[in-house]
């Protein structure tokens, strides 16, 4: 579904990602883990078209997307939940969700999708007319995911959905992700929370210093020494 | 690297020096100063020195900025007069025994007195002008006349009524234009003549004084002359030029039961005053705004609000002096309307200057200055002579906007239309 | 001897308590590592120590003086220097000028720029940038920028040096170099606090490690203890690992 | 006295609405794109001339020509964005503000001189047949052209709010303002949004220009004065805060009119500037801005 | 390096000497007036640059200091205070104004600082216009001489440039530039940003005030409020940007270029000169963010790259040749 081949990324003159190749198959949950500064977010930004890669190929559903504008990539069915959610705090919850369905493809099915998102996150339905800026951290993250789901994506990329959440909320968050996946959505997950994400993911990649240093079935990778050493030494 | 930068700086500075040495693109004639030991012309054979190609005149005129509409009129007057004189070969200068054409070098000063000053300096040194023609508006003249005095160049200017500037002892300044004292005196004189029945006349005057030196002068004179002429100043207010909102002044004038308005606003301020007066329902019987309605677009811009407003224009195309018909014809072709009010006085300036040069018989500035001072001649604005302070003795016609057109309503022997009173 | 003592330090943004009743101390000559996951309050506490933020309550005592809430340039002049997580070099300056600024202003500044220049060269040599003195920061590589950031902090002649995620983004060899550098700095009698995300980054040099989570101190001890501390492992890898 | 004060306050409010409308476009543009378009006053001028010529040549009532003015200025705004301003869009915020300030300053020089060439330096104004009509309420006069200011301003405020709140395009504009990155992750073409907001801001300047031509007069060098007013109002209302901008305008109008009433009309502009500086010092986020914005 | 410095010094001496003898050689008043105008703008642009270019604070209220300087000097001078005293008072009063407004102004950042200073100058402009609406005349018109005024401007300009050059090489100057490059980092290194901004503002204001004082001495007649007009801020600022901010030579080149170009356009294209000028200005801002100085630098790097490449090509060629020879 998503296929990266030898992607190199620079920030100004500094190389952030070194020849990364990875793929995500339909129906999978794939996790990308690694410590701070490893380049995970950068990689997601490039996939979404927010930043250009210097070289390499990115293929999504048979389309070359490495040179496409972000709005086109969303149109093709690839949505991202950015780090920290980045919800529109000055707008109501409902408006945030409506914006999620901005692309033409999703606008027609807006109401249907809205019901679907409310079903997944009943909390959002309760707060739909509330200003998004007044939501709690967990609710914000739900909103961010809900908003991305509104575009009816085929592949959902999540950048640290557990960031800043209390442990119980993290657990629920991962349960939700699993649930969404069961409904047929492919998921590409970027996480620092190694334990939960590896338990959840079918497959995982370990990114360190801009390079893929490990790859494997999610639970296998959990016992992989490099993961442990990558964090704890 | 820095050394090379300095080289560049040097190159730039040298090019600057070169640029400033090279003359302006228009070739400047080598203006020979009039030799002082002029030979007494003998009847038989006279040896004339080679005549300069042109008689150089310089001006700085506000063609843009807030006085742009006044300056453009003045410029047209100058251009017409010079064209007319040059069509005849120019001005006869006895010293050279020939007619020499006039050439005006005029720069736009963007209604900025500082720029006007440097423009006049520029034409003085680069074109070696024998005389200056003024721009427009008192505030501009105030800055430029000092330059004329400093450079000892005769200066003829219209479109300014500021009297006080003539009291600074300037020798080179001449202005064939009605001055504040004339305007203050004549507004009451005209009103008393035009409205013979005392009961019908307005009684309470509101004066809106622009906070400029000329405004201060004229406002004070209005105030001083009102009483003796039988009027009361019910309201007197100052405002800064550029004010967009006059509602407070108008309401206070209204509250003071004023039924007559005197003021000297510039054009945008004047437009705002009459529009807002109408909006607020203030209906004075008589309005005189000395400067604002000068603009040819006044009628169009103010519509009915600006109708019946009067002013002292200094001139009107309907006057019956020689030469006006030709000017009007030309103006009609160029602008599809008879000459604007500042065209005539500007034209007269050039007439006076040409006569002065001819009388002086030389291009010596002091001689020209003395000749101008002794002026006593008919121009397109009537008979002109100068007082010792450089103010002119000229006709001061009262003009009124009627149906989007300017009409001359006073004095009676020149009038083109009847005075409309009270304002309907 | 305690160089720095932090007592009951609190800081909140809006309703969020970023730092909650924090107590810790640093002894003279020590290297203390502060670790914790994202959002645990590491950088906030560093900002509180250096005057970039004003504490809501609590005390920060440095060399017998209360420094909480002092303007940041005063804090620096009192002898606390810091580096930034995202390097903040003066981009249009050369490496040397960067260091010179610090030497001309920090603690015991050299008002004479010629002297400052000489001293700056020494400091650049010390961090291994001697040959890059005249190069614009724009043209330096990441590791070189980090070294420069360090050099700049050292040039203020601090008693206490705070390093904010110095190790992040470095590869193994680079990290080794950094460790060597830090040990070398310790030798010139400078106390160091290293704030890092990854435990590994601080174990090689730290005498003591403090672990933050959710704005509170959850563990403190020798590096070996910390690596095996169940609470720490839980915070990093999840419960089952513990 | 009291009646006179009442009249004063009413005029202050009505004129203030015009200040608000002039600032509205500037504020919209700044809020979305962070362009400091100091050539805004010149756009107001073009709007004024558009309705002036529609009035004098086509005999079109100025209020009926507003749609025409909007179209002209909208297109002009779009061209300006494409040709000039889009080149600064990728700069970081601080240098974007500085660069657009400089660029716009150059533009205002060009516009003024173009206007001079094409429209001459003459003062122009629109005086309709009904301009002096007014109704009186409790002794206070409400002249139609001034009331029209308020009506037009309110109408456009409502239209703008409806666009921003109810349409997808408007929501896209708001989303881009809050976080352009997240907006583009929603599938919003942010360059289109920038273009649109700039053109809309220019169109609003055009509407304001019509009102200026009706109530005051227009000429090529009028721009700077209105830009200055707009800048003050924009900061008073809180950068990019749409309703705040209108309220900021009203406050400026009231400050000016009460100053002329109680002190002297000479100091009405000065009072506005003093108010502005005080607000800047004590509440730099504007009277209605939030600290985050 | 040393050789460069000597060349530089010689160049500076030559330029200064040229400027000193200029009015003695060219006795044309309008040329001297033009050079005075250039000097005035160099003064204003260089003084603006100290705060705007070196310290990174976009000050749109520079005219306030220029105006206050000219107002003070002119008022004192016209009222009989000895010239030298009134002249210096111009600069001093400008500094006092700077110190009064400095602390509150620097609470503002970025766009707020810019608009705030613009409003301040505008406020002074209007107030002075209200209080002193009269034209101010030169008290001694009969004895007006251009030469002393020229040398006054020249001297003042040289002092300003010299001060700026010394300042940026000093510790304070280093601190100022560090504040421009990044306030957070600068403060963390022990620099008080506020103090440095205030120093920069005061120096900038002092020279703007002195420029105003010289203007007051130079101009025969002007309105007191005129030097407060925003064009006295915008023109010098445009010059600094055209030449290159944050450099000593930039504002000088900018001022010379600006005044000359404007004059040339006035002579050659007349009515359209401001339209062309505005277009050129926009092009410079958009495509040459470093100003004219940047062209030079780009040209230099281009040259060095080219020579390097040529050397490489030459080297390659030799190697190939050698190969060739061997093959033969």
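A, B, C, D and E are the chain letters, set down in written order, and residue numbers restart from 1 in every chain.
Everything below uses one rule, namely that contacts are C-beta pairs under 8 Å (C-beta built on N, C-alpha and C of every residue); 3 or more make two chains touch, one makes a residue touch a chain.
The shown structure was predicted, so the numbers you read here are calculated from the model rather than taken from an experiment.
Looking at chain B and chain E, the chains that touch each of them are D.
Set against the C-alpha centre of chain C, every other chain centre is closer than that of B.
Taking each chain's centre as the mean of its C-alpha atoms, chain A lies 76 Å from chain B. Spacing of chain A relative to chain E, judged by their CA centroids, is 52 angstrom.
Centroid to centroid, with C-alpha atoms defining each point, chain A and chain C lie 32 Å apart.
Residue positions 211, 240 of chain B are each in touch with at least two other chains.
The residues of chain C never reach two or more other chains; the list is empty.
Across the assembly, chain D contributes 113, 266, 269 as residues in contact with two or more other chains. Every pair of chains that touch is listed here: A-C, A-D, B-D, B-E, C-E, D-E. By the touch rule above, chain A contacts chain D in their complex via residues 48-50, 69-71, 74-75, 79-80, 82, 86-91, 95, 98-100, 102-103, 107, 147-148, 151. Per the touch definition, chain D reaches chain E in the complex via residues 36, 84, 87-88, 93-94, 97-99, 101-103, 105-110, 112-114, 117, 224, 228, 231-232, 235, 239, 266-267, 269-270, 273-274, 276-277, 280-281, 284. Taken together, the chain E residues at the contact with chain C in this complex read 169-171, 174-175, 177-178, 181-182, 184-193, 246. The residues of chain D lying in touch with chain A in their complex are 168, 171-172, 174-175, 178-179, 181-190, 292.
The touching residues of chain C, when paired with chain A in their complex, are 37-39, 139, 141-142, 165, 168-171, 197-201, 203-204, 227, 233, 236-241.
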